[in-house]
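The letters A, B, C and D name the chains in turn, as written, and every chain counts its residues from 1.
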Amino acid sequence: MTCLLSTQDVSVRYGSLAALAGVDLCIHDGQRHALIGPNGAGKTTLLNVIGGSTRPQRGTVRFDGRDVSRLGPAARARRGINRIHQRPAVFPTLTATENVVVAALPRVIPRRRWWPGGRRRTAQHRAGPLLDQMGLADVAAVPAGHLAHGQRRQLEIAMALAGRPRLLLLDEPAAGLSATEVGRLAELLRALPRAVAVLLVEHRLDLVYALSDTVTVLRDGQTLAAGTPDEIRTSPLVRQAYADGVA
Amino acid sequence: MSLTTPRRSRALTATLLALVLSVSTACGDDGPGTSASGSIKIGLLASLSGTYQAVGKEIRDGFELYLATHDGKLGGRKVDLVVADEGNGAATAVPAATKLLKQDRVVALTGIVGGGSVAGVYPLLNETKVPLVGSNGRPELKDVSRIWHTSYLSEEPGAAIAQHVRDNVKGSVYAIGPDYQGGWDELRGFTDAFAKVGGKLANPDGKTTFTPFPATTNFTPYFARIKASGAAAVYTFYAGSAAVDFVKQYAQSEIKDVPLYAAGFLTEGGVLNAQGEAARDIYSVLNYSPDLDNAENRAFVAAWKAKHDGSPTTYALASYDAAAVLDRAIGAAGSDPTPEAINAAIGQLGQIASPRGTWQFSTTTHSPVQKWYLRQVRQDGRALSNTVVGDLATVGR
Amino acid sequence: MVVAAGTNRIDPYLIPALDGVAYGLLVFVAASGLVFCFGVANILNLAHGLLYAIGGYTAAALLDGGWPSLALALAVGVLAAAAAGVLLAGLLTPVAAGNHLTQALLTFGVALAGGSLLVAGFGPDDPQVQVPAALDGSVVVAGHRYAAYRLVFIVVAAVIAAALYLMVRRTRAGMLVRAAVDDAEMVACLGVSPARIRAGVLAAAGALAGAAGVLGAPIIGPGTDTADTVLLLSLVVVVLGGLGSMAGTLLAALAIGEIQTLGVALLPSAAPFLLFAAMAVVLAVRARGLATRWGAT
Amino acid sequence: MRDEVIRRGRGAVGALVLAGLVVAPWVVDDYTAAILARTLALALVGVSVALLTGVAGMPTLGQTAPYAAGAYACAVLGSQISDVGVVQLAVAAVAGAVLAALTVPLVVPARGVIVLMITLAIGELVVTVLGRWRSVTGGTDGLAGIAPVRPFWGLPVLATDQARYLYTLIVVATLVGAVLLLLRTRAGLLLRAGRDDETRLRASGHRVPLQLSGAHVAAGAIAGAAGSLLVVAQQYISPADFGFDTSALLLLGVVIGGTASVGGALVGAALVIAVRDWLFGVLPGHAPLVLGALFVATVYLLPTGVNRARGRLRPPSAPASQPDPPPARDHATVPELRA
């Protein structure tokens, strides 16, 4: 089975610091893949490389059978790589609906192509159900800057889904959420369409084990281990790595 | 407006709109130029703020001096002088002139420092059929039927001095000036006349060097080029702060011993004080000097010195003469001095006695046919001043 | 310079090149205050040219051709411009947290009003500036005549530039300044009141501009357009220098000085376009100015 | 519900103002009509400045460049092709758009204060070219005696101040209406989103530089059209009409009006220009002093307008309970300084 996304030998250096040193990764269609590791292991850098906001010094990124290494974030988003940021990135002066419409527009094919406003209307049709699904129907007309943190997180997920992603990059989605909000988030993520592959970076291991079917452990910019959640949970190697990282 | 416009800003927008309307409707109609009591409205437009305000204030003071010494009357009628600010050029001059012509309904317009401002006001004059007796700037215009100038045409100073420079300079002359219409005309006047009498320019390409205006405050690189050209003399035209910079830097440059000839504005009025010693010995050509010996000039200079520090300039003189022109024209225009009648009367004036000597309007250019003087900056008592050292040509068509 | 004097092709450009240094250093001293405003207090101060003009008019009013008058003019000019800076800081307090466009609106208004007050006070004519008699002449440099004052000015301005560099590098205030350029919020957390930083920075900016105005009066003299000229040159230099870097500003100022003198001497027909064309090209090529390339303060 | 009341109130005020502007030429004297026409042309440039500064987040000092291109194209080219106003308007708009398109590679990659400086340089360069290209532009003295236009085929030429004013008003109203409509479409939505957070917009897959280029060219076309109106209103143009003062005053007017609101920009720019022109007439010699004082007073007296501008450029403050406020990304200010 071919990979939807694969990285080969990706290396990123910041001065003398090697953030990533030859990482290979493969994510299949619909796979729920988690990326864990101690602080400074290079998880966010790897997400940036896949998302296109960081250029690796070495290595290639392939998506859907094509080399996308030279494409920027916008071009990758149009091909179906969407991302949730560590701090929810929404457009603060736009309403929740407008936020989703903006996110949906690049991948909208209007029914009547040359009809003025057709694209926007189609995007608008897509926004309603997504906001419902994320439990944001009540605040659809509220500027995103006025939403609570948890709501903005949900809004960002709605925006990511509006772009019809084939791969969703989640960068610590539970950061800054209360316990009840994390529960809601887990439900929402579990309810994601099966066709969407997910690459999840998360510190809360309970969430990782609950949501993923494959886990890759990074340490010092290198792949330390990979396997099912059960294998990783019991691996002494991983425990050791975490203990070091925490210490 | 945008979808998420906060409420208070809408209120603000509405308030602003209301303000605009109230401002625009508050400007009422002031009635015609000649009121029932027999007084007459004259508009004076001059730079009273911005770069050229030194010249603009001389122009205002010159006109007001004439009024003050003539009972505030022109042609026997009490004058209501409406002053407006020309600012830095056409962008501000046009609305100010529009106010004078269309709201105040003046019967004649005078002043205007910049040639560009005159060009900008020109369509308005044609539309309102009001004559302009300008006292300074004069652009090239197709139709001068309503335009009169008591000053000069920009190419005349250079044309007047060319023969003198040819006779007295042994060698080629370097021509340099500011890069705008006034500078082009001033320098062209000199170079054309100079070439006609067989003079040779020292400029490497045989063309005048023009310096960015008003951006140039440092003339040192140009002095290096003049030095390299081996010129025996320099002819130039600058005015205002550029004149100060040019003269001061010239005096400290490596060409400080090369004789400097200039259109008189280089050392005229306030700039001479700022230049100080650096201006000593500079030769210049101008249509006026305060030390001219005639009755009109003695009266003019005495009246000026009673009100102001220092001596009057050619700018003040031209404005004083503009008032004199209007005085006689309004008097000759009959019982109903309409703008058209005044304009016609100006054309019939003939010889005009003036502190600069007698002059008259050219029938083709509507600018003075007048004598030009050679002046040199010399010690006069405790101060330096422009001293007349000879008569030059009488110029004008 | 002696070597250059021998070769004919370089010779005519020697004096312009030297003059470019004098001009560039003047622009640097004038602009350095604006760098502080911009980089430390994050204020877009369009009244900066006014501070220079205050120094210039002070010089014109006090200089009488003697050395004591120069010292007096320098002291008074620096104090007056610094006081004007503090006043400006006070005026800016209600909008300090606002964006640059609001600050621009306020400082532009101050510059317009203050400029016309200055001209109203000192008259519309350019005033005479009398430098000490010993400097009011020319000296021979490598076979060329050059203004003595400008030669001395190069030395003095270089000393000021060096002193500024040492101050920013070595003193506690300088460290605060550098820290503020790096991270304004962090300095605020250190317990230094932003209002006091703002007043201090604008006073320093005023003092520098005032000093430049007094010392530079024989080069860019006081007059109706001085404030605008100096503001425009300073803005160009600060932006080219990378917004907040002293070394970048110095480089940019010297480059502007040479463009205005040597560039004009080499390409006289392109003279009117040189300054802004150079600026557009540099900004377009390197949006962050020269400083990123040379990694500065 | 209060929103509804306010919207209606605003609509009523707007209609009232428009009605006032329409009847104005019959109420006021020639002078006021002439000044209003000129002011409307400049206010339209103000709209293009607002489109770039407030809506697209590119604060500009260079909109006088396409404005000048439009004016000169109209005066030099347009008047030779036809004396019909709409033709000249089209020529001017195209000229403005072409000039804006030429400067896209300089302007669009830049941000914040750098945009201000690059556009300043472009404006100054264009004015310099206008002053030196004597054979075409008439040099620094400008072009006088431009032939009057007829608004449409078969109509009489605009010979009075009233007629010129009404023509200007109709064109400005039409173009501003078109801009408002455009901003209601997806283009307006995307521009606002880009001003909020450009990186985020890229992350969603939008071609941001393309959108900004489009906005820049559109703003250029509007400024160019305004240039044609200036020619009609003034029958004379010179480089002095397009100097740095004009750019600065327009930007300030737009700030006063609230950078992101087209209506506010129109009114703010009109107010600033009208006050300036008025002051030069009634307070000779003191106009800059009073104008400067007015700017300072504006900052203090209209805190709503100023806060408003701030509010548009910074995200609104979030509820106190939330752990991490959104990062302040203000393109219209100086993100570079915080880097």
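Rule of thumb we're sticking to: contacts are C-beta pairs under 8 Å (C-beta built on N, C-alpha and C of every residue); 3 or more make two chains touch, one makes a residue touch a chain.
If you're wondering where the values come from, they're calculated on a predicted model, not measured in any experiment.
Engineer: When the mean CA coordinate of each chain is compared with the mean CA coordinate of the whole protein, which chain is closest?
Structural biologist: Of all chains shown, the one whose C-alpha centroid lies nearest the global centroid is D.
Engineer: Among the chains here, which has the CA centroid at the largest distance from chain C's centroid?
Structural biologist: A
Engineer: With contacts counted as C-beta pairs, which pair of chains has the highest total?
Structural biologist: B-D
Engineer: So how far apart, in whole Å, are chain A and chain C when each is placed at the average of its C-alpha atoms?
Structural biologist: The computed centroid separation for chain A versus chain C comes out at 50 Å.
Engineer: Can you compute the centre-to-centre distance for chain A and chain D, using the mean CA position of each chain? Integer Å is fine.
Structural biologist: Centre separation, chain A to chain D: 41 Å.
Engineer: Between chain B and chain C, what is the gap in Å from one C-alpha centre to the other?
Structural biologist: 34
Engineer: Indicate the whole-number Å distance between the mean C-alpha point of chain B and the mean C-alpha point of chain D.
Structural biologist: Centres of chain B and chain D (C-alpha means) sit 34 Å apart.
Engineer: Two or more other chains in contact with one residue: find those residues in chain D.
Structural biologist: 128, 131-132, 192, 256, 286, 288
Engineer: Which chain B residues reach two or more other chains?
Structural biologist: 3, 49-50, 53, 179, 212
Engineer: In chain C, what residues contact two or more other chains?
Structural biologist: As it turns out, chain C has residues touching two or more other chains at 116, 272.
Engineer: Show me the residue ranges of chain C that touch chain D in the complex, using the header's touch definition.
Structural biologist: Listed in rising order, the residues of chain C that touch chain D are 38-39, 42, 44, 91, 94-95, 98-102, 104-106, 108-117, 120, 184, 232, 235-236, 239, 243-244, 272-273, 276-277, 279-280, 283-284, 287-288.
Engineer: Considering only the defined contacts, which chain A positions touch chain D in the complex?
Structural biologist: My answer: residues 51, 53, 72-78, 82-83, 85, 87-94, 98-99, 101-103, 105-107, 116-117, 119-120, 123, 143, 145-146, 148-149, 152, 159, 163, 176.
Engineer: Going by the contact rule set out above, which residues of chain B touch chain C in the complex?
Structural biologist: 49-51, 53-54, 56-57, 179, 209, 211-212, 214-218, 220-225, 227-228, 240-241, 244-245, 248-249, 252-256, 269-271, 273-277
Engineer: Considering the complex alone, what residue numbers of chain D touch chain B?
Structural biologist: 2-3, 6-7, 9-10, 13-14, 17, 20-21, 24, 27-32, 34-36, 38, 55, 128, 131-132, 134, 138-142, 144-146, 161, 180, 183-184, 188, 192, 234-236, 238, 240-241, 243, 245-246, 256-258, 260-264, 267-268, 270-271, 274-278, 280-288, 302, 304-305, 308, 311
Engineer: Which residues of chain D touch chain A in their complex?
Structural biologist: Touch list, chain D to chain A: 185-186, 189-190, 192-193, 195-197, 199-208, 312, 315-319, 321-324, 326-327.
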